[in-house]
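By written order: A, B, C, D and E. Residues from 1 in each chain.
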Amino acid sequence: MVKKAIALALILGLGLIFAALLLGYAPDAALNETAAYYATRTADEIGAQNIVTAIIVTYRGLDTLGEVTVLFLTAAIVGLVLSRTRAGDNAPRLSDLPPPGELLEIGTKLLVPLILLFGAYVFINGHLTPGGGFQGGAILASAILLMLLTDPLRRSSHRLISRIESSAGLFYVVIGVLGAALAGGFLDNRILPLGEFGALFSAGAIPVIYALIGLKVGAEFSSMMVSLSETEDE
Amino acid sequence: MDFEWIRIPHALLTLLIVFLYGLLLGAVIQKIGARAGRRHGIPFYQNYIDLIKNYALRTTITHGFMFYLGPVFRLTGGVGLLLFVPTIYGVAMHENFSFAGDLILALYFVFFGSLGMALGAGESGHPYAAIGVSRGLSQVTAAELPFAIAVFAVALQYQTLSVTDIVAAQQGSVFNWTVFTNPLAVTAAMMSFLGSMMRPPFDVVLAPQEIPIGPPTEYHSAYLALMQSNRAIFPIAKMVIYMNLFFGGAANWPVFFLKVFLLYLFAAFVGVVFPRFRVEQSVRWFLVWGVPVAVAGLFWV
Amino acid sequence: MVHIAMLTGFVLIAIGIYGALTNRNILRMIVAFTVANTGVNIVLVSVGYMMGRTAPILDAAVPVAEAANRIIDPVPQALVLTAIVIGLGVTALMLAYAYRLYDCRGSLDISRFRDLKW
Amino acid sequence: MKDELKPRIVKGPDGIEFEVDPLRDYYCEASPSVHPPVYVKIVEDFFNWARSESLWILGFGTGCGAIEMRPLMTPRFDAYRFGVQWRPTPRQANLLMISGYLSTKTLKRAIRSYEQMQSPKYVVGLGSCTINGGMYWDSYNTIKKLDEYLPVDLYIVGCMPRPEALLQGFEDLKQIIRAGKAEGANQYAEKFEWYKANQKKVIHDWDMPDYNW
Amino acid sequence: MVSAIHILSTGLGAAFLLGLLPEAWRGRAHLVTLAALALMSAIALSWVLAFAFDGQQMVDVFTAGVSPPFAINLRLGMAEAALSLTVCLSGLLSALYLKTSLITQGRRAMAVLLIAVMAFCGIILTRDIFNLFVFVELSVVSVGGLVLLSDDNRALGAGFKYLIVSQVVSILMLLGVIFLYHAGGTLNIDTLTAANAAGIGTGGLAFFLLLMAVVAEAKPVPANGWALDIYQAAHPAFSALFSAAAGTAALFAVDKVLVMGGPTWPPVVAGIGLFSFVAANVLGLSQTHDRRLLGYSSIAQIGLVLGVVGLKDVVGEHYLFIAGGILVAHAVAKAGMFWLSGLVAERKLSAWAVLRKNPILLFAFATFVALLVGLPPFPGFYAKWELIHALMAQDRVVLVALILLGALLEATYLMRWFGYALKRGADLESVQFEVRKVAVVLTAALGGWGLGYVWGELSGHANLLHSMALLFALGFVVLDGLPAWVKNTVAIAGMSAFFYVSYPGYDPLQLIFASIILLGGAAIFVAGYHERGRRLGFYPSAMLMYAGLAMLIVADTTFQFFAAWEVLTVGSYFLILRGKESEPHALSYIVFSLGGAFALMAGFALASGGVSEFAIQGLSDVAAEAAPWVFVLLAVGFMTKTAAIGLHIWLPGAHAEAETDVSPMVSGILLKAGLFGLFTLLMTMGKTQMYGVELTHVLMWIGAISALLGNLMAVFQEDAKRLLAYSSIGQMGYALFGLAMMNHLGWLMALMFVINHYVYKSMLFLSVGGVAKRTGTKLMYRMGGLITLMPLSFVAVLIGIIAMSGVPPLSGFGGRWIFYNAIMTAEYKLPILIIFLSGPIAFLYLFRLIHTIFLGQLKDEHRRITEAPFWIVVPQMLFVAFLLGFAVVPGLALRHVDAYIAQFFVGGGLSWDGLTITSPFGYWSPVSIMIVTGAIFAVLLAWLVFLNHKAQKVKQFNIVFAAERPHRPETTHFAWNFYAPYRKAFGFLLKPYATWFWDGVAGAFHGVAETARRFYTGDGQVYAFHMLGFVLVVYLIAMGM
C-alpha cells in the first residue's frame, strides 16, 4: 500500500513535469530550419520522394544503422540466452500438440509467398511511398510467424537466418564505408546515381539499403521468434 | 677559559671539607632526630666508624659489572654536582669546576647519580631494588617540578643561568636574598627540597622492612661505603645549590656550615613531625601544593 | 488536436510507469513498459504534427517547391520509427530475461530477486 | 626437593630445547673460604675497633626473645648510643642475633641469612634455649645446641635475658671483637662440612644450595 | 588518417562478420574480435598521437555527405580520441581476458562485446542528441546481454533491474530529445547550444529530462542500485569494461549535453557528482564483497569526475587535464582491479591475499590502488592537485573540503583492502594464475605508469618520473629479484653517492636533514645485511620513502613539496605494512597521513590563491585574511606526521609493529619530515594570529602536551617498542615546542633534537629490535637479565638512555641546556610548566626499558640466547661512537646551523669561546664536563675495583630475600606494571581520549554507511523509484535555485 502511495506520488511529480511540457507546448506555425531544409533539399540531394525515408536512411543513417544493430543485438542475445537454457535433448512430443487444422495449413501455404512478396515490395519502394525496410522486414517475419503457428515443431535453419542477417548487416556497413570512401560521407547514398526522381531505381543506394534492412529485420525477427518458439520444446 | 692545574687540588680540598662535614652533619641531624624522641642517638662520630667498618669487611660479592658501576655512578653524581657549582662565593679556590657549565648542568647532573644507582641496583636482580627505584623515580618526577619552575623563576628574575651571577645579585643585604625577593618561588623550591631528601614524609622509597631499604638492598662493604660517602656529599651539594639560588650563597666556610646545617635541619624537622606518604600521595601533594605556589612564584617575577 | 494526442501520450506514459512500479510480476512490468513506450511514441509524433498539413512525401500532391508549406515536420516521424524499433529490441531483451529468470527461480515476482543488495 | 629446584627442560625462543638445573644455574656453587686477617696488627686492631663500634644487627627475630630486643631502641635503653644499629638486609648486617628458641624451620632461614652476611660476622645466642634447648629440651622441632649449626660468638643467658643483659652482652662482644677472637666466619668456613652435616641432620626438606651466597 | 567513423564501422562490421563465420570457428571468431578491437584501438591511438604531436586540430566527421545540423556528425578532438582509446583498449583487454568464456559462448557473445565497445565509442563521438539516444540504448542492450555472460545466476536479477531503470531513463530521454528538438528546431548539439534551445519555452524542461537521463548513466547516488548489483554479480571482465568504458562514455555524454543548458545546470551536475563521490565512498566503507566495493569506488570516482564536469567553468583551462586525469586513472585502475578480482576465487576482501603468491599481481594491485587514491606519480595525483587549486582560486572551500573528505574515505577502504591482501590469510595454498590474465592485468598496471608519465609531462610541473631520486627508488622494483645483500649495498652506495652529489647545493638546514636522511638512512641500512634471502618489496618501499624525503628537503615549490610528501608517505606505508602484526596500524598511519597531506594540499592551495606552481618562499606573503587558515592547515598536516597529541594514535602501533630495521627508519628518520615541514612553515610564515590568538602559542601548548602525554604513556607500556614509539611522540612534542617558541635557541634546540632523536631512537629501536629478535617477544616483563648475554646491545641502550634523558655528559644534555636558554627569552611561558613535568618522566620509562630488559632476572628460556645479529649491532656501535663524539664536539654541526638561524632571528644566538659555548644567559663546556665527569668516574671506579676485585661473583638467585629464596625468575623479576604507584597518581591523564574520539569518528562513518546502504534494498522496482525520485528531487532543487 505504501508502495502504491509512493508510486502515485512519484507519478504525480512526473505528471507535473509532463503538465509543464504539455502546457508549454505550442505547435510550430512553420517548419523549423531542419525540417524546411529536408523539405526543400531532399529531392535534389537524396532523390527520394519519401522525405522520412531520406531522413532515416541517409540524413540520419547512423541512427538507423544503430537501430538495426539493436535488433541484431537483441536477436543475438535472445539466441544466446535461450541457447544456454536449451540444455539436453528433450525430444518434442508431437502427440501433445493439437493438430494445426487444415484451414491453417493450406492458408499458410497460400499466404506465405504472398506475404513475402508484399514485404519485398514494401521495402523496395520505401523511398517512394510510406513504408520501408523495417515495415517490410516485419512483414517478412510475419510469414515466418505464420509458418511457426502452423507447425510449431518446424525447425527453420538458424544458420540460414543468421547468414542472411549477418551478410545484410555487413553489406550495410560496407555501403556506409563506401559512402565515406566514394561520396560525401559515411552512408552517403550517392555512391549510386540518384536516377530519376520518383522512379523505382532512384535515390542512389537507398533502395539497396532498405532492401538490406528489410532482409535483416525480417531475419532478426524470425530468428527471435524461432528462438522463442524453441523454448517451448521443454 | 684557561685551565689551571691548581684547580684540581683546590677542588679536592673543597671535596674533603664537604665530605667530612657531611658525615658529621648526618650524624648530628640523626642525633637531633633522636633527641626529639628523647634518645641520645648515635655518637656524632658514628658515621666515620661505620664507613671504616664497611671498608674493613673481608668478604664481598658482586652481581656483575653494573653492580660495581652503581655506587660509582652514584658518587660521581654527588662529587660532580658539588664540583660543578661554586661552593664559596667569591673565593676562587672553591669555585671548583664551575666553568664547565651553569645552573642547568647542575640541575641535570642531579639525575646522573640516580640513574646510575638505579642501574646498579637493577643488576642485582633484586625485586625490592626495582620496587624502590620505581617508587623513587615516580616520586622525584613530581618533586622536581616545583623546583624546576622555581629555578626558572629565579633565572628569569636575575636574567642569568650562571650560579655565580645569581649569588652575586643577592649580595649586599639579607633582603636581597631570593627568599625575600621571591618568597613564593623559594617556598615551592623548599617543598621540592623535602621531596629530594629521602626523609619522612617522602621516604617510602626506602621502606626499611617492606622492601629492605629498596635500591641498595644488595649493597655492602666498599660499595656501601661509596654510597655512604655520597650520602654525605650529595645532600650538601644539593643544599649548596639551594643556598646559592635562594639564600644568598656563602662567602666563607662558617656561613656555609651554618646555612647548610639550617637547611638540613629544616628537612629533619619536617621529617620528625610528619608521617610517611604513599608514592601517589606525595605525587599529588607536589602537584596540588607545590606547583601552584611555584607558578605563582614564576608570575611574581 | 495536438494537445489531446500529446495528453494521451503522457497519460499512457504515466499509466505505464505506474504499472511498472506497482506490479510485482515481471511480465506485467514488461507490458506496462510497452504501454509507456507507446505513450512516448505518441508524444513523439504529436510534436511534429501541424494542423492542416500532409504527409512528407513529395508526390504529385506535394510538389517540391511547395513542400515546405504543405508537409508536416518529417523528423519526428523518422525518430519515432527508430524509437519504436529500439523499444521493441529492449522489450525482446526483457522477455528473454523474464524467461531466464523464471528458469532459475521458478517465479516471476520481481521482489524475489533481491539477493544482491546493500 | 621442591619442584622449582628440579632440573627442567626448557624450550628457547629459537625452538631448541635444553636443560636448566636451578641449583647450578641460579645459585653460585662456590664454597665459603677462610679469610684470615691480612693487615698488619695495628691496622687490624684499628679495623677491629671500628667493627666493634659499628655493630649492625640483622633485624630478624627468630623466637620469643625478639620481644626483648625492641626495648633496646627505646629512650630507656637506647642501644644506638653504643654504635648498635639495625639493618634490614643481611648484606649490610654483621651481627645475627638468635633470639631464643630456634625451630628447625626457622633454622633454615637463619642459616641462609647468616651465610648471606659478609664476614667478619658474629652470632649471638640469646637465652637458654640456644644453649641447650632450655624448656624445649625435648621438643621435636627446635634445635637444642645452636653451636652445632652456626658458629656462636657469645651466649647471653636468661629466659629471657633482660635488655640490660643484652647491653652488657654487646659490650662483651665488643671485647671479643677487639681482641680479634671473633672469627666465627672463618670457623664456619673451616668446619663447613661438619656444620652442613649437622644442619642437614635436622633439616629434612633441604631445598637450597649448600652455601647461600 | 583513418576517419573516426571507422572506429564505429569496424566494430559493427566485425560484429556482423562474426555471424558469417561457421559456428565451429570459435577460436578464429575470437581472433576476429580481437583484431577488430585492436584496429579500433589503433585508429583511436593514431588520432591521439596526431593530436599530441602533429598539432592536429579537432575534426568533424560528416555522415551522409551533408553538413550538420542536417545530418548526424561526429566530432573527434583530443578528449574524444583519448577516451575512445581508453574504451577500445579496455574492450580489447577484456576480450583477451574473457577468451575462454567467449569461446564457450560463441560468436554471438563476441558480437555483443564488440557492439558494446562500439556503442561506448559512439556515445563519445556523436554530436547529435537523438543519435546519442541510439548509442545509449545500444549500450543498454549490449550491457544487458553481457551481464548474462556471468556464471552467477544472481546476475540475471541485476541485469533485469538494469533494464527496468533503463526503460525509465530512455522514456525521459526521448521526451527530452523531442521537446528539445521542438524548442531548437534541430537535434545537433552545437546548433542547439547556439540557438539556446534550453532557454526557449519548454526547452529548459526538456533539457532537464535529457540531462537527467544522461546523468543517470553515470550512476549517481542514490539512483544507482542496479549498477552495484551488476558490478557485484557480473563477470569481472565485463565489470571492468562496464566501469571503465561505460563510465567514461557516460561522463563524456554529460559533458557534451551540459553545454546546451546554459549556466543553471553545471552547479546541479557538480552537486550530484560530488554528492555521489562522498556518499559512495561513505557507503563503500562497510562493504565486504570485493566487487561490490569496487562498484562503490567506481561510482565515487565517476561522481568526482561528474563533479568536475559540472565545475568546468570553475576549473577553467585545466578542465581536460583534471577530468581526464581522474577519469583515465579510474578507468585503468578499475578495469585492472576487476580483472584482478577474476583471479581471486573468493569474494571476501581478505581472499585477495592469494595475490601474494605472485609479485607481479601484487605490484599491479598496488599500482591500481595508488591510481585510485591519486598517489604520485599517477594522473589522479596531478589532477587532484590542479582541481583543488582551481577550486581554491574561486574560493570554493566547501567543495574542497567535500572532495578531500571523499578522497580520504576512499583511500581508507582501499588501503584497508590492500592491507588485508598483504597481511591476512596466513597459510595460502599455491595458486596457478593464467598467464594470459596476468598479462592483461600487468598491461593495465604498466598503462597506469605510462599515464603517470604522460600526466607528469602535461602537468606543467616537473615530471616526478624524471626525478633521479624517485627513479632510483623505482629501480629497486626491477632489482627486486636480487639477493638482499646486493640490494642493500646498492642502496647504501646510492644514498651516499646521492648525498655526495647533492652536498654542495644544500644550505645548513637542508644539510642537517639530508645528512640524517641519506647518511643516517644508509647507516640504518647496514642492519639490513643480517637479512637472508631476497626480502621482496622491502627495498622499493624503503627507497621510495628516502626518495620522498630527499625530494622534500630540496623542494622549491609547494607542488614539489607536496609530491615529495606523498611519495615518502607511500613508501613509509609500505614499509610499515611489512611488520607481522602491523596491518591495522599501517592503515591508521596511511589514513592519518593522507588526511594530513590533504590538509597540506588545501593549505598550499589557499596560500597560493589557486596558483598551482607556487614557490614555498611565497608563503611569507600570504594575504592577511588567508594566512591564519593556511597556517592552521599546514600545521595540522605536518603535525600528523610528527604525531602531535590528538593526531598521534597511528604512531605507537606503526612504529612498534614494524620490522627491526624499519622501526628506526620510520621513527628516527620519517618523523623528521614533519619537523622539516614545521621548520619551513614557521620560517616562511612566522607568527600568525587567528582571531587574536597567537597560533605559535597554540603550537607550544600542543607541543608541551604531546611531550607530557607521550612520555607519560610511554611509562606504562609493557611492549618495549611501543614504549619507544610513545617516547617519540613526546620527543616530537619537545621539538615542536622548541620551534613554536620562535626564538633563536628554540630553533637550535629543535635542530639538536632532530639529530639526537635520530641517533638515539635509531639506536634504541635497533637494540630493542635485536633483543626482541632473539627473545621472540617484545614484552619487557618477559625478558630480563640479558646484560651478560647481550652486552653490546646493553651498552647501546645504556648510552642511548643517558643521551636521551639529557643527563650530562652526553649530547642529550646539550639539547636541554639550549632548551633552558631558549625559554629564558620565550615570550609565552605557561606551557613550559608542562614541559618541566614531562622532562623527568622520561627517566621513568628509560630506566624501565633498560632495567626490565637487561637487568633483573634472566628467564629460563633465555639462558642460551646470544648477542643480537652482528649486522644489527654494527650500526648501534656506529651510533654509540657518534653519540660520544657529538657529546664532546657538538659545535661541529651546531655552529653552522646557529649562523644559519641567525638570519631569521636577531640576536639570542650562541657564541663559541674556545671550547665553551655561551649564550646570553649561561655557558656550557662539553669537553670540560666530559673530562671532569670522566675523571671522577674513572678514579672512583678504579678505587672500587681495587677494593672489591676479589668479590665472589654470584648468580641471579643469590639475593637476600627476607631469609627466603626466590622461586622462579618470572616471579622474582619486578617488571610488569612497573610504575603502579605512578599510575594511581596520573592514570586519569592516560584515558585514551584521542583514541575514543577517532574511534567515534570511524564508528560514526561506518554506522552511517551501514544504515544508509540499506537504502539499496535489491528490489528492481525500488531502484526505479529511486531513479524517479532522484529526478524529481533534482528538479525541485534546481527549480528552487
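Just a few scattered comments:
The rule we apply is simple: a residue touches a chain if its C-beta (ideal position, glycine included) is under 8 Å from a C-beta of that chain, and two chains touch if they have at least 3 such contacts.
None of the values given here were measured: they were computed from a predicted structure.
Annotation: omitting subunit E yields the touching groups A, C | B, D among the remaining chains.
The set of chains in contact with subunit C as well as subunit D comprises E. Here the chain pair with the top count of touching C-beta pairs is B-E. When every chain is reduced to the mean of its CA atoms, the largest separation from subunit C belongs to D. Closest to the middle of the protein, by Cα centroid, lies chain E. Chain centres here are C-alpha means, and the one lying farthest from subunit E is D.
Rounded to a whole number, the gap between the C-alpha centres of subunit A and subunit C is 15 angstrom. Chain centres here are Cα means. That of subunit B falls 99 Å from that of subunit C. Separating the centre of subunit A from that of subunit B, both taken as means of CA atoms, is a distance of 106 Å.
Mean C-alpha positions place subunit B and subunit D at a centre distance of 35 Å.
Each of the following residues of subunit A touches two or more other chains: 3, 7, 10, 14, 21, 25, 28, 32, 34-35, 38, 59-60, 63, 66-67, 70, 73-74, 77, 81, 84.
Among the residues of subunit C, those in touch with two or more other chains are 13, 17, 21-22, 47, 75, 79, 82, 86, 89-90, 93, 97, 100.
Contacts with at least two other chains are made by residues 130, 134, 137, 141, 144-145, 148, 175, 179, 182, 187, 952-954, 956, 958, 960, 1021, 1025, 1028 of subunit E.
Which chains touch which is summed up as A-C, A-E, B-D, B-E, C-E, D-E. By the touch rule above, subunit D contacts subunit B in their complex via residues 35, 38, 46-47, 50-51, 53-54, 56, 59, 74-75, 78, 80-81, 83, 85, 88-89, 91-92, 94, 118-120, 185, 213.
Here subunit B touches subunit E in the complex through residues 1, 3, 55, 59-66, 68-69, 71-73, 75-76, 79-80, 83-84, 97, 99-105, 108-109, 111-112, 114-115, 118-119, 122-128, 130-131, 133-135, 137-138, 140-142, 144-145, 148-149, 152, 155-156, 159-162, 212, 217-218, 221-223, 226, 278-280, 283-284, 287, 291, 295, 298, going by the rule given at the top.
Residue ranges of subunit C in contact with subunit E, taken from their complex: 13, 17, 20-22, 24, 26, 29, 33, 36-37, 40, 43-44, 47, 75-76, 79, 82-83, 86-87, 89-90, 93-94, 97-98, 100-101, 104, 110-111, 113-118. Residues of subunit E that touch subunit D in their complex: 774-777, 860-865, 952-958, 960, 963-969. Taken in their complex, subunit E has these residues touching subunit B: 785, 787-788, 798, 801-802, 805-808, 813, 816-817, 820-821, 823-824, 829, 832-833, 836-837, 839-841, 843-844, 847, 850-851, 854-857, 913-916, 919, 921-925, 928-929, 932-933, 936-937, 940-941, 943-945, 947-948, 950-954, 956, 958-962, 972-975, 978-982, 984-986.
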